[in-house]
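Common to both upcoming complexes is chain A, partnered first by chain B, then by chain C.
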Partner chain A sequence: MNIALFFTIFTWAIGGLVILYSFSFLKNKRNKLLYFALYTLTLILATAAFNTNDLVQFLVYWGSLLILLYAVLALDSFKTASKALIIVGIGDFCLLLGVAFLIVKAKTTSMADFIPLDTGNFINAAAFMLIALGAMIKAGIFGFHEWITDASQATPATTMAFLPGSLDKLLGIYLLLRAYLNFFTVRESLSVIIMAIGAFTIILTVFMALIQHDLKKLLAFHAVSQVGYMVLGIASGTLIGIAGGLFHMLNNAIYKTALFLNAGNIEHGTGTTELSKIGNLGKSMPVTFVCTLISALAISGIPPFNGFFSKWMIYQGLIPDKAGAFGTFKIIFLIMAMFGSALTLASFIKVIYSAFLSSKPAEQAQDVQEAPYLMRFAVIILSGLCILFGVFAYPMIIKPFFVNIFSSEMTLTGLWKPDIATGLILLALAIGCLIYALSRAASRSSEVFIGGETLKDNRVSGTDFYLTVQDIGFLKFLYKKADAGKLDFYKTLISFINAASYVFYYGIDRLMNFITNAAGKSVFVISAFLKSLHTGLLDRYVAWLLLGFIVIIGVLFKCLNCM
Partner chain B sequence: MGFEFLFRVDNLAIFMACVSGAVSILIYIYSIGYMSPYKNKVEFFALMSLFVASMMGLIFSNNLLLMYVFWELTAFCSFRLIGFYRKESDLWYADKAFLVTFFGASIMLAGIILIYINYGTLNFDLLRGTQVNNLIFALMLAGIFSKSAQLPLSSWLPDAGVAPSPVTALLHAAVLVKIGVYAYARFFSDVFIVSRGASVFVLGLVIVSSLVAALSALRENNIKKILAYSTISQLAYIFVGLIINTRPAISAALLYILVHSIAKAGLFLIAGIVEQKTHTKDLNSMGGLLQIMPVAAVSFLLCAFAIIGLPPFGGFFSKFFLIIAAADAGYNFASAMLIFTAVITLLYLLRLFNGIFLGEVKTKASGSVAITMNSVVFICGVLSLLIGLFIRYPLNFVNSVSAILGR
Partner chain C sequence: MMNAIILFVALPLFAAFLLPIMGKFFKRGFDTFIFLVVLFLIFLSLYMLIKPPAMPYVYKMGGWPLPFGITWLLDSLSVFMLFVVNLITFFAAVYSIDYMKQYTCKWKYYCLLMLLLAGLNGVALSADLFNVFIFLEITSIASYALVAYGTGREETEASFKYMVLGSVASAFILLGIAVIYAKTSTLNMFDMARAMPQGADSLKLKLFIATLFITGFGLKAALVPFHSWLPDAHPSAPAPISAMLSGVVIKVIGVYALIRIMFNIFSLNPVISELLLALGGLSMFVGVVLAIGQWDFKRLLAYHSISQIGYVVCGIALGTPLGIAGGLFHLLNHSVFKSLLFLNAGSVEYACGTRELKKLGNLKEDMPHTSWTSMVASLSIAGVPPLCGFWSKFIIIVALFQANRFFYGSLAILVGLITLGSFLKVQRYIFYRKLSGSLLKVKEAPVFMCLSMAGLAILCVLIGIFFKPILDNVLIPASQSLLGGREYFITLLGI
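Let's look at the complex of A and B:
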């Protein structure tokens, strides 16, 4: 059992479910065959990338996936596809340079033969940072995330679930894991930078997610935010942290796919994912409701679901075992990650309320249908996995996979025993219900007294839950900057390149052009002057001849005198 | 004496002849469709043939003077072909191209004379392995840089876009600018030895050239000028490989010649289709052609991916091997700059694609595209992909060439 097999199994499991779901979801698309072809090709190439042992081949598969990403997105919107190509392309070129440095230093391209390089010297450190950057951009970190949120508006839910939701994470984290386990022994000082990127990704994007009012866009921000946990876990460098990051990647792939597919169900039923335009779906779409609830609790890290288990492992990995140089930073990152988790829950409370519990908005159709059989099947399986991997995390994932991958037994301090805890939770719930039933508590419901006035529409849509958050001092600043695109590193880079292009174009290229033109034109000026001497009159030519003759005679005489 | 009328066939010459010849044939086929509405077709095809013939003569020359003769012959052909439409404004650009390349070539002639004075022969076989001083290196380089349009002699190439599109494709892909690259490989990888200090200086020059051209392509709005800047920028990559002059670097550079020739020919020929159908070269006044010419759009993307260097296209391998060779030879900063330029390449080629093929339709495209034209651009696109998928075969080819070169 090795790392490639782990990735292959879950890539095909999740990818297969998405494709199964697409059979029903994309039924009415004009070019649905292209979708299936590209999805399948993506799965095949991703498998190849996970299983190859040669770095150059890996780069080829990895880069080909970018072309496929462009193609898949271009089926719906070339604008988003271009943006993705540029952003992920920047990451791929960083990776290419990093791998070039790595191959030169390691003198081999076979991953099995790698002796981990120490990141002490500059080139090794640069190689590591470039590879890590390439991996993180692929997975989608803050600053390079804009294409994901754009794509959520332009592409169908299956594409979102498939690529930015799950597969890109698997790929990016796979590479980061390789960099940590295989290629480098990373110094703490570099890891702290990676961890900081992870922590800020969590906190900044979750704030952005909080105020979104479109379900798919909100999920897209969470797709970015969750990468922060994985990066944080792997960069912690401790065994338990790395395992936690890897497990979180798997869990995220499961519940994020489930969430996007549930959003697809809602879109299928109501024709929109705009939260203010939907409501009261809990009654008409019970399966979707329950599955969304489960995956929302999982992503928020509520025990006993899988998201809690992996987050718990990451948190443990972050707690410094001895007071190292960067212990304080780690504690700060830990607090940021926990706070991010709370905000995730907050934003999903909004989703659950707006979509499923609030009263029906006027524009929603009367008879919203539950999603078709295949679509329900996919989300049920995924939600089931959320529970299974949460409750039976140790026997199902840690023991068969991780103990082999890391070739060491996982000894956790303060290990969360999910099976016993789940039993206790269920027991408590049962006792609570029992007490409620036995006590025969009286309940009464009555009309709201409004003094005889007629109320028209007192519907509360959940979309405005956190509007006040936007007015808090620091956050106000953040949102303003985000609106202006100032927080987007990618945009900063593009404007830097644009500024540079003005300088170089006018400063060098146009200048050289001017000089060349001036020199070229001067040839014509000189030849025009010479031409003007050729008048065609005999006396002029005779005069020139005489003049030349005199000069030659003069020179000859001078030479004679010299001798 | 060393003035013999001597030709010699070796792997480098075969490689260049194959690449130039193959791309030229594709461009010829395209020209049948493209030139059909214009006058003076006999002159056009005669000059094109003379152009390719003198290229072949140059490639197989085993004598500096003979090479120089063919060198000037190509300059003459390009001069006539750039000014082919005989428009008053075009003639200046034709003159400019001729003046700049002739200026460079005459400086190179001084270098050739110096070589003759110092070593008493111009025969490559007798000269092979001689160490030339920096003055001769600089003089020869002037000729090479003027042909291959590197800074500071680059500005004629974007202006040469006024020529008919098959001609620009020929200039950029198969013949004219590749002469400089070939000459560099012949002179300084095969025959002469130059000092390391001088070549590092030249390395800096081509990298600046590459960066400036790539950034200029972002500012330019004329589609053919954008592609011309792209050529300048990409040629610098080839020069980097040749300047580093290790066997892997030369292999990468030769692979780059192959990939760039095919993909850039494709891009220029597509630009020709676009120009002929929309009657404009201005990026801002076109758009939405994806629906009207889907074959051209797909071919454009394939060629563009090859130029950008995304896997699995051939351009990826040439770029990647080049970067590895550069890093291996210790030029870490150079390889970082090349990657930065690659990112800019991605930006401007995507901007070009989006500008031409996406967005709203601004011009009325008239008539259908001739089958010869469409099929040639499609072949260029598919070849760019196939080179990458079956990289083993071209790689074997270039390795057999670099085995006789490099140090």
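Let's look at the complex of A and C:
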């Protein structure tokens, strides 16, 4: 059992479910066959990328995946597709450069033969940073995330679930893992930078997610935010942290896919994912409601779901075993990660309330149908996995996979036995219900009295839950910048390129154009002058001949005298 | 077998004298006859080139011992020149089959063509300076007549100008020969090389003789400032003759004869080398600058001939092995692509009745074969890889830079660029631009004209692709015989 097999199994499992879901979801799309073909091709190429042992081949598959990403996105929006191509292309370029350094230093392209390079010297450090950057951009970190949120508005939920939701994470984290396990022995000082990127990704994007009012866009921000955990876990460098990062990647792929597919269910039922326009779906779409709830709890890291387990592992990896140079930083990152987790829960409370529990808005149709069985099937399986991997994480994942991958036993320092804990939770719930049932507490419902006025519309949509956070000092600045597009790496890049091209155009191109034009003109002026000498008169030509003879003989004898 | 080299002169001369008799009795059949003659000659020269017999071979006419009698020399350089001459003549003759139908009295034309060929082969083979002069005059007189073959106003005027200037040049050459003869008392070139006075006091005399030859042969080769006849004469001749004149005549009776004398009789003097470089550079630049302003297709090509001959002279005058090889290679390539361009011009004129660029247009669809062959030739002359012109220009430029001639090297690159611009203009105006209505539906040229053009175009590509074997097996040995200098001719005296 090795890493490649682990990735391959779960890529196909999740990818297969998404494709299954698409059969129903994309039924009415005009070019649905193209979607299936591209999804399948992406899966095949991703498998090839996971399984190849040669770095150059790996780069080829990686590049092909970028082209496929473009192709899939371009089915819906060329603008988003080209944005993704440029942003991810920059990551791929970094990767290419890093791998070039790596191959030169390691003198081999076979991954199996690599002896990990120490990142102590500059070239190795640069190679590592470039490869890590390539991996993280592929997975989607803060600053390079803009295409994901754009795509959430432009593409169907399946594409979101498939590419930015799961597969890009698998690929990016696979590469980061390889960099940490195979290619380099990374120094703390570099790791701490990577960890900082991870921690800030968590916290900044989760704040962005808080105020979103479109379900798919909110999920897209969380898709970015969750990458932070994985990066944080892997960059911690401890065995448990790396395993936690890897596990979190798997869990994220499961519940994020589930969430996007649930958003797809809602879109299928109501025609929109705008949270203010939907409500009270808990009654009409019970399966979607339950599955969303489970996935939301999983992503928020509520025990006993899988998200909790992997986050718990990452936290453990972050706790410094001895007071190292960067111990303080690690503690800060740990707190940021936990805080981010809390905010994640907050934003999903908003989702659950707005979509499923709030009263029905006026514009929503009366009879919202539950999603077709194929779509329900996919989300049920994924939600089931959320529970299974949470409760039985040790026997299902850690023991069969991780013990082999890391070739060492996993021990958790904290006391967390998910099976016992789940039992206790269930027991507590059961006792609670029992007490409720036995107490026979009386309840009655009555009209709200507001001084005799009749209340016309008492609906609270839930989208405005956290709008007040925008007024907090630091966050105010952040949101303002985000609105102005200042945090958008892509926009900054494009405006920089525009400025540069402006300078080059007038400073060099126009100047050269002027010079070459002048040179071209001068050739014609000389040509006209020489032409005017060719009058066609024989006597003049004979005169040239004799003159030429005299000049030559004069020059030659002049030279002779000089010698 | 080696005695067969006599056929290079005897056969065309025989054909030339037979044709008037044939003309008395037959109405047709000249085409086949001439075709067979040139076909035989091209195979003979190809045989000499590919299976080199004992080289260098000295043929003594009438069996007289060496300093006496008429001597012919077949070495790696002259066999190369023979091949170029017969190759271009072959394609010109094939082209003539259809093209010359516009004119009357085809046998007269063929008769003159054969005289031209005999003269060219004779110049390439002769190792006797007076013999060289005689063949040079045969060539010149034949070409005066051929330029005037159309007998229109323009043609006769051009021919008259050509004849006067050519005669003046011949007088210079004859004067040079006379001075050498007075000094060395011999006309055999080997003996002349031996008897040429050496030492400081004879330098003045040698420079004077060199100036006479440079002026005379420079006019035949159309080096600036002796080029003035060429832009009139070359466009006026019938297209196959333009191809011959630009393709081989200026090179054989101009460049080849000059370099034989300068290298093998005098041993190249640095002053002369410098002078020839200057003349070559001037020709390159002035020729191309004049060419880009032209609107008459053939006249434009004629100016390009001046420019390209500048490359050849620059390369050879450099005196380094690479430079000479590059110059000779460019001589071969220029023969091929410039002949092809003149044949293209002939086809365009044949089909449309004009060669004014401004009146032509849109011939790409109507004349596909002329279009593609001229595209190949244009790209070749502009030096676009991997066609033949690129390699020879490249070698010349590299040789110039190697010899620290940065000015001439840069000039060669600049001229290459202007050449490209000029031929883009040609392609655009004649073949690619859309012209509304003024040209009637034109027909593609007849089959033999197309065949001839296609053959030359394929040669352009083949030479470009197989430049390395050609360079190693043909051009390097040819340049060796020039590099041998005076001593090489003196050793030949012993054979």
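Quick note on the criterion: the second predicted complex is superposed on the first by the 511 of 563 C-alpha atoms of A that agree within 3 Å, B and C clash if a C-alpha of one lies under 4 Å from a C-alpha of the other, contacts with A are read in each partner's own complex, and residues count from 1 in each chain.
Quick note on the criterion: a contact is a pair of C-beta atoms (placed from the backbone, for glycine too) under 8 Å apart; a residue touches a chain by one contact, two chains touch by 3 or more.
All figures in this text were calculated on a predicted structure; none of them were measured in a lab.
A.B. asks: Give one of first, second, both or neither to describe whether A:536 is in contact with chain B, with chain C, with both, or with none.
C.D. replies: In the superposition, A:536 touches chain C alone.
A.B. asks: State whether chain B or chain C is in contact with more residues of chain A in the superposed arrangement.
C.D. replies: Larger number of chain A residues touched: B.
A.B. asks: Return first, second, both or neither, reflecting whether A:437 touches chain B, chain C, both chains, or no partner chain.
C.D. replies: In the superposition, A:437 touches no partner, neither chain B nor chain C.
A.B. asks: Now for A:548: first (chain B), second (chain C), both, or neither, which partner does it touch?
C.D. replies: second
A.B. asks: A:448 contacts which: chain B (first), chain C (second), both, neither?
C.D. replies: A:448 sits against neither chain B nor chain C.
A.B. asks: Could you say whether A:523 touches chain B, chain C, both of them, or neither, answering first, second, both or neither?
C.D. replies: Both: A:523 reaches chain B and chain C.
A.B. asks: A:512 in the overlay: touching chain B, chain C, both, or neither? Say first, second, both or neither.
C.D. replies: first
A.B. asks: Touching A:112 in the superposition: chain B (first), chain C (second), both, neither?
C.D. replies: In the superposition, A:112 touches no partner, neither chain B nor chain C.
A.B. asks: When the two structures are overlaid on chain A, which partner does A:362 contact: first (chain B), second (chain C), both, or neither?
C.D. replies: In the superposition, A:362 touches no partner, neither chain B nor chain C.
A.B. asks: Touching chain B in one complex and chain C in the other: list those residues of chain A.
C.D. replies: Touching chain B and chain C on chain A: residues 520, 523.
A.B. asks: Which chain A residues qualify as touching chain C in the complex?
C.D. replies: These residues of chain A touch chain C: 520, 523-524, 526-528, 530-531, 534, 536, 538, 540-542, 544-545, 547-549, 552-553, 555-557, 559-560, 563.
A.B. asks: Could you list, by residue number, the parts of chain C that touch chain A in their complex?
C.D. replies: 160-161, 164-165, 168-169, 172, 203-204, 207-208, 210-211, 214-215, 218-219, 225-226, 228-229, 231-232, 271, 274-275, 286, 289-290, 292-293, 418, 421
A.B. asks: If we count contacts the way the header does, which residues on chain B are in touch with chain A in the complex?
C.D. replies: Within the complex, chain B contacts chain A at residues 95-96, 99-100, 151-156, 208, 211-213, 215-216, 218-220, 305, 308, 310-312, 316, 319-320, 323-324, 327-328, 332, 335-336, 339, 342-344, 346-347, 350, 354, 358.
A.B. asks: Under the touch definition given earlier, write down the residues of chain A that touch chain B in their complex.
C.D. replies: 56, 59-64, 66-67, 78-79, 82, 85-86, 89-90, 92-94, 96-97, 100-101, 103-104, 123, 494, 497-498, 500-502, 504-505, 508-509, 512-513, 515-517, 519-520, 523
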